[in-house]
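Heads up: the structure comes next, in structure tokens.
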């Protein structure tokens, strides 16, 4: 596929972006092994039981994260069409929803949970899974913050917005991970203890 | 121009990094102590303070060394340059201690670090081997012995990973005709993160050590001294390097090949490097996760592997081996690639079955993902897993066999010559054969019930690692030495190195296997003289020292040759590979002045006028002969 | 063709030389169990396969090195591969390894063959000693005595970290895991009367090298008699019984009774002394303290021993046994005041 590419083409933004894109997807492949490992650990240790958690809260944070992905997608499409205003608004909404998710999980759920990380293996699994996911959401939020700041400075255009694309893809990835984690923690099995 | 260029040592990234690391460690310790104070807890607790300090120390190192400066600028939307030219004010060697984006410099940085680290790990082995020369306790205490064994193992493995990084970074862009890796900054970062990581691993020696061997099984590792945490954290960062390096390599190979170089016209080493990187990219995450879980168990009381809290110790072993088995193929695939790469050159004959060899690398890598539990046959894992994992494990013999038979096919009816790189290549084939063939007895469960955790296994894996990594690694260093330095090594010393190391290795490995079958357990400082193998043990120790001596000769040879060796010609081996058509040493921007297109097959030795690469007319390479 | 015939002869000679050589030096230790027979048979097949394959590749290599070495500046013959050949040397090893996998599962099945009348023994590993609970008869021993030619079903378990039960002469090995429901089984049918040793084969901390236990394989009658003796339990005074428990529960691995330093505090002169704890406070080593220290070792940690965890062995002792041990510890202080 690349065997006849000249060095001028190689130096172009489009070629570099395609290279970056490949790198990003490989990184996500790699990262998904961490989450795979966490899921396997969860089923190995807890089997058909699950932690005792607040179902309403779980539903709310999940909904927020899913909706945020929609806005991120809108933001990315917008910048691809040169629509800076929609892009900025979409990014900001995503960012706010991301922060709200973090507050919901780390700020509220961690407090509400009737167990601590050191109590038993159920707690250990719950805090590890949500913690690792929250860490990724946090990096995503920081990434979005950078994109938002650079967007306001007008650094992106319809042709050149790799950073936006990367942030969006990463954000969708974090979202997809939660689509697996949410049922694993909130829905599957009977409540432990 | 002053004759002596002086260097302010604080301008060197390495020095700045280490200073920052010390600083960061202190800050981390301070922060934890302060927080504890504010929370009304007893202020001093070594474990959280030490771990957080170590963690922050690594981050500080990376900042201090300057690895993330460009990314920071990029995040702010400022322009950055891809080429990070060496400071002309500084002498030539200084660039190796600084951040460089040149894959050749990074390759050498990896390589030198690998050798330094191997010396360290080898010295640990020499110490505990002296203890093992006779039954009884003579030299070191039990805890020290355990720490040394574990450190020897993990530091050697780190050395291998660095060596693999060296080969793939230095060689792959040259072999595929690229000017650099796809992501030069990431490349530099992936190298530099090893340095603080390795420092942490070694620091465990001074923080109580750890008594678990390199495998770090809980619950023992959950109660080992603080050194255990440094081991976990250090390996975690070295693993991060593997992941990023692998990613970079795969992208480079897919995106950066020279015009005309289809996948089946790439030099065979590139295939091996890609197969290796597939493992490094994915499986490495799992050892990181398993170590992180033990770290958190120790820090926060999370009971993943604590039976009292409903945890399960077997889970750790599954996660650990899911990486650590495929990792052994990371150790060997590049080495086997080197063998396939060098054989045709010294046999003057095409590589036999190029496609089969290329595919067998992928085959080994992929099957390698499904065999991990063969390390757990006696561990008390799920009974029903034993037989399926026996089948999958034995399957690996098939693609490995394809390689061996194809090598024999390559040698058959060739015209062999025996310079030092070729000697090491042939030595590698025979030693790896020994190591590989001792694998199936471990794999058939019933026999493994006897062999597991005995010195037979120690013999098995030293043979695979020497044959699959150490010997090819030396072959590669000798072979490409003129390209690194522009000088030729001393052939006599090189041959002496081989003729000492090769027989000594057989003695060591066979000796280990022998005592293992007779009942010698792994990781013991003292053995029962009633077992009656004292003398074999002494021989193993002596052999170990001979190997060490030969490594010293190797170092002496390199240092002397760099200083006062003969100036090397461009293509001393008459190789067809593109990098040998460039002058020695390789120019800073590789093929920038000498772009080429691929017009033929890589290994058409012995066929008159068969071209592999054709250089642009305007840029007749300096040394095509 | 001439080349191939010569190589074939070379490979044949090498195979026989390596194979007979390896078989002659006696690779394995004494064969002392029924299980080891199957394992050794399989291993012997491996030895011959290894000999052949090693001879095959090395034979071809040596021949090429000698016959096809470069004399002048020549080039080799030009051939790039041979697909039928590649297929052959993929298929034949494939069949070979599948055959070995079959043999392996057969041998495994033999090794695991269950005898319903097996003697039940639980082997408990703890840092750094073994304890054997004869569950059929209800007594505990610190040495493993087995009747010859009768199967024993050994359940391995651990009170602290992972250990591994291995008697090289019996060939079989099984890790002993901590945790409820983590008992794992091992079946051994000894075939030779004699003395052997259990050698802990999993790194388990400082004294791993010395975690051994005696194995004594006896005639069935002698074994039955020994069982009878044991079932009566140690008679005598509480102090004598305490001394017995001290050995059997593995306290001796860490606590000396003559003041010599081991990984735990010595019991000599302990009773009635003031003990400094890790947090700096002090307690008097009275009966209540000793009782707690045995039942719940982590409740009060002695200063200077923070890094070693005492196993919770005491929890599987009866109150009387703990009391005996305390009497025994007391006696160690009384002697001193004499």
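Observations, loosely collected:
So that you can tell them apart, the chains are marked A, B and C in the order they are listed, and the count of residues begins at 1 in each.
Criterion: a residue touches a chain if its C-beta (ideal position, glycine included) is under 8 Å from a C-beta of that chain, and two chains touch if they have at least 3 such contacts.
Worth saying up front: this structure is predicted, and the values here are computed from it rather than measured.
Chain contact topology: the protein chains form an open path, each linked only to its neighbours in the line. No other pair of chains has as many C-beta pairs in contact as B-C. At the far end from chain A, in terms of centres built from Cα atoms, lies C. Put simply, the C-alpha centre of chain A and that of chain B have 33 angstrom between them. Work out the mean CA point of chain A and of chain C, and you get 48 Å between them. Looking at chain C, no residue sits in touch with two or more other chains.
Residues of chain B found to touch two or more other chains are 311-312. Annotation for chain A: no residues touch 2 or more other chains.
Within the complex, the chain B residues that touch chain A are 75-77, 182-183, 186, 243, 247-248, 250-251, 254-262, 281-286, 288-290, 293, 296-297, 300-304, 306, 309-312, 315, 318-319, 322, 595, 598. Of all residues in chain C, those touching chain B in their complex are 3, 27-29, 36, 38-39, 42-43, 46, 49-50, 53-54, 57-58, 60-61, 64-65, 68-71, 74-82, 85-86, 89-90, 93-94, 97-98, 100-101, 103-105, 107-108, 110-111, 156, 160-162, 164, 166, 168, 171-180, 182, 184, 197, 199-210, 212, 307, 309.
Partner chain C is touched in their complex by these residues of chain B: 142-143, 146, 208, 211-213, 217, 219-220, 223, 225, 307, 311-314, 347-356, 378-380, 386-387, 390-391, 394-395, 397-398, 401-402, 404-406, 408-409, 411-418, 426, 429-430, 433-434, 437-438, 440-441, 443-447, 449-450, 452-454, 514, 517-519, 521-528, 531, 601, 603-607. Those residues of chain A whose C-beta lies close enough to touch chain B in the complex are 1-7, 10, 15, 18-19, 22-23, 26-27, 29-31, 33-34, 37-38, 40-41, 44-45, 117-125, 127-128, 146, 150, 153, 155.
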